[in-house]
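Letters A, B, C and D mark the chains in the order given here, with residues in each chain numbered from 1 onward.
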Amino acid sequence: MLNLAGLYPPIVTAFNEDESIAYDKLESNLQKWASQPLDGVIMPGSNSEAAYMTTAERLDVIKVCADVLKPSGKRLVAGTGMETTAETIWMTQKAADLGAEAVLVIPPYFFKGSMKHDVLLAHYRAVADESPLPILVYNVPAFTGVDFAAQTLIELAAHPRIIGAKDSSATVTKMADVLAAVPDFQVFAGTGSALLPFLSIGAVGGVMALANFAAKPLRKLYEAFRAGRSEEAKNIQLSLAHINTAVTGKYGVPGLKYAMDQSGFYGGPTRRPLLPLGAEGRKDIDRLLAELDLE
Amino acid sequence: MLNLAGLYPPIVTAFNEDESIAYDKLESNLQKWASQPLDGVIMPGSNSEAAYMTTAERLDVIKVCADVLKPSGKRLVAGTGMETTAETIWMTQKAADLGAEAVLVIPPYFFKGSMKHDVLLAHYRAVADESPLPILVYNVPAFTGVDFAAQTLIELAAHPRIIGAKDSSATVTKMADVLAAVPDFQVFAGTGSALLPFLSIGAVGGVMALANFAAKPLRKLYEAFRAGRSEEAKNIQLSLAHINTAVTGKYGVPGLKYAMDQSGFYGGPTRRPLLPLGAEGRKDIDRLLAELDLE
Amino acid sequence: MLNLAGLYPPIVTAFNEDESIAYDKLESNLQKWASQPLDGVIMPGSNSEAAYMTTAERLDVIKVCADVLKPSGKRLVAGTGMETTAETIWMTQKAADLGAEAVLVIPPYFFKGSMKHDVLLAHYRAVADESPLPILVYNVPAFTGVDFAAQTLIELAAHPRIIGAKDSSATVTKMADVLAAVPDFQVFAGTGSALLPFLSIGAVGGVMALANFAAKPLRKLYEAFRAGRSEEAKNIQLSLAHINTAVTGKYGVPGLKYAMDQSGFYGGPTRRPLLPLGAEGRKDIDRLLAELDLE
Amino acid sequence: MLNLAGLYPPIVTAFNEDESIAYDKLESNLQKWASQPLDGVIMPGSNSEAAYMTTAERLDVIKVCADVLKPSGKRLVAGTGMETTAETIWMTQKAADLGAEAVLVIPPYFFKGSMKHDVLLAHYRAVADESPLPILVYNVPAFTGVDFAAQTLIELAAHPRIIGAKDSSATVTKMADVLAAVPDFQVFAGTGSALLPFLSIGAVGGVMALANFAAKPLRKLYEAFRAGRSEEAKNIQLSLAHINTAVTGKYGVPGLKYAMDQSGFYGGPTRRPLLPLGAEGRKDIDRLLAELDLE
């Protein structure tokens, strides 16, 4: 079974001021990520504004990522979840053709009230049956309104190609239930502030917006945990808490992109309806970055 | 200002067993709807599984609806909300080209936590500025996780091309606040069981899944209300309550399509991940239809 | 079966500045309510700050209400729901002894996740079995986090002493399901802005904070509806929308009490932790009252 | 500042079959808890069915706990939160008189929509100003519907008598924000499955239903963490996950009491409306206990 353990940024998509994809900026960002202590990247994911991209654009950015990352030995995990089962299968197969090593699959979420246990099992199993690649289930109720029950994840884990999950809800109690039942399931913290708590109960890594511009401290945290230096790990984790909250829940993708712009990456604008970060948000993030040790 | 007052089904999309669009079935359904006491149809909307259709398919079904309905004098209101502002504008203009008379615009909802008052105002105003057609705002928190505040609707109503709203949350208290502030805003009940309550506070009609196969009793209810026959209106409203709950919240689109199959329309399968209605659901709907007077 | 049809304020408890009960002010308010076009009062209920009163205080105010209202022929419906089944039975029997004609029973709500269908049925049936008085079920999820399913209300309605419900969630679709199944169940709108929508589907009245100081327009609305003057009813309903939102959701009991202070009643302070209405809230309510015709 | 670091059960209240308090059983339970590797007990708390006890009963059980525990050197943290500020102050002072060493204060929650930042600050500061004892804030949104923002906890931490918090929502991301701002704030995991994740980010212990009957493995987990044996800590944590979920979210207090009955303690019945655990739940807990090493 593919072992994906490690740290990954769900990378942002670089856009020009006219909202077109800035492929040159995306490539230069990818070169930088390839040189960071990361195990690969996730693209396109929530922070990539995948929901704001056409299917063709999603395929394009997967290809760019695969091509740029290949020489570096970094992994590409492609986000391939679509609203229908058929499209998700199609996109997953395309991602394999384009060079992804695994896929992260968000559930269908428009008819959220209908996405019950049986429907989710049928959907993911149908996708996994047709997938050439191992699958991570993506639980992100803040965006989908769908929150996987522990039992659903446990049953999905029985499929040989469903190897793990990213949990952005950071629900340690649920993930303890999952890992108690299926200890080899590869669980990833879905937000920077949950990395150490998740590692403590057996998660194997993190897929974190924060890793777009703070890979080094996250790696130090990860290594400190693995070496049993729990006090050091805790201190790094807490040092990252406020900036993590700022670039996820509080200011969202506009905040994340602004923080990248201030940290040597190209963040750039989002697509509308997301609006640029206001003056107060910029000041807040400036202050938090100044307190941070990114090296 | 275009007066859209009246009754509309958000029509289902007919699919073949292989999940391709069954254009012949869609056309024959449209012929039937054109002969019912309806003021037009909404397409593609939530019940059309628009979320499960490609952009090209959405344009196709708009064209089919416009072409079939034109001779009948029935209105086509096209669902044109997309995740980005730019795509929503593009789709709205296309719908106008294809013959829609108005558009129903669902908000972007992936980044639901970011869809606050200012973001929604900016999005809808940008769309309305570029729209050749009048706009209905579509509030459906059960699917989007975005629930418009009264104040947002009131401020949007100031735009000359934002003429009304469909509220599927059936929140009479909020809609009373809206109609108290902007009495000419064209409010539509978004579910069959809310029709009479909404009419009682000044709504002008309904956009209701139930109208896919129960146009006649809904029309009788509407006419009874307008004629001041409140007892008759109430009795019809209550007679429709259980079937309405069944084909919306309880069994969703699979339930709606099954009810259509039993009522002289083509319902057919849904696209996956939605699963076919189970035996219990079919029996439940059979029972409810047997109690109903659809003539 | 006792017919409670009509309009009721869930009355506020008058407190002195030191937070003790101002019995003189409560009595003078009761005299005023007795002279208004109301069918009775509810006490102690949510707006009475019952949750902030001791059991002894609740009994005291029930007695005061019963004694003052008796000569007027107005009804007293006592709020007797407690956290345990045993205490609810005890309180219900006490209320009967003190002169209440019916009781309004809020569900236990601390263990809200456990208040499922079976638990609610067992609780209410146990109370009803021991109750000397008819019972109204009180659905107020905004305060309890417990939201009755239609099916629970329908099954409770089979008990001869469970005669109706107050629904503060104003969910017209659910109440249509209830009234379709049990047409004689006495349903009351639980907030002023839902009165006309609820009447339209067969509710028999309202239990509304607004009735503390706006009984006359609410009565006019009620009479207009009953006489089939739907346009007039609608206009009154909309004229009350903004003040209703202000004294319920927006500013809560402090807002309601302030509005009473400005309308010839004694509102006075709330108990802490509720804080006095701020300057902006007072100005907002002043403006709304100035627009209102309370005669 | 009092250092409360350690492990505590929020103990259950022993009831007789007639729902009266079984003081003899409570005392024998207390003797057992005093001999377990616990740092004290919390009483009355959520699991004590405090919400189902009168004020007099709450004082009685505090006294019993203080008297029984005193010779053992174990701490008593009394739950003293009431709906009003005045009653909370009064109860807190009584608890001090009766021998408690600290208090755990649940927020007022009936008017949950009004329990905003400013109201919570004013309430807790007023209580802390009058409290003879150090205070732990109790965040338990599953029961209260009130979820403290990180900023509220951070500002409360500035009060010299507000020394920490119990977080039953197990939100590691929020607690990381709190501990990053106020590292000496004494944070406690509020559920067994969150103990290790919370310790990993700087929490000082746990207040956990599970500790009612599983103190030994929880202590081993705690010691393993403190000694840097992260793998052992993780394994114990995961071994407790399913039973923890069973005696909290899944089966609640009836489940917890049943598990105690099977583990050498007196669990006994709950007060109604809570119903006894059904056959399926008993079987489920039997199975989970059989898998567990409680020594």
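In the analysis below, a contact is a pair of C-beta atoms (placed from the backbone, for glycine too) under 8 Å apart; a residue touches a chain by one contact, two chains touch by 3 or more.
All values derive from a computational prediction rather than experimental measurement.
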| task | Could you name all chains that are in contact with chain A and with chain B at the same time? | result | none
| remark: Residue numbers at the chain C-chain D contact, same meaning over half shared and different meaning under half, come out as same
| How big is the gap, in whole Å, between where the Cα atoms of chain B centre and where those of chain C centre? | 35
| CA centre of chain A versus CA centre of chain C: separation in Å? | 49
| Among the residues of chain B, which are close enough to touch at least two other chains? | none
| query | Given which chains touch which, is the overall layout a line, a ring, a star, complete, or other? | reply | ring
| remark: All chain pairs satisfying the touch rule are A-B, A-D, B-C, C-D
| For the chain C and chain B complex, residues of the former touching the latter | 150, 170-173, 176-177, 179-181, 183, 191, 193-194, 196-202, 225, 228, 230, 233-234, 237-239, 241-242, 244-245
| field | chain C-facing residues of chain D, complex | value | 19, 46, 51-52, 54-55, 83-86, 108, 110-115, 118-120, 122-123, 126, 142-143, 145, 249, 252-253, 271-275
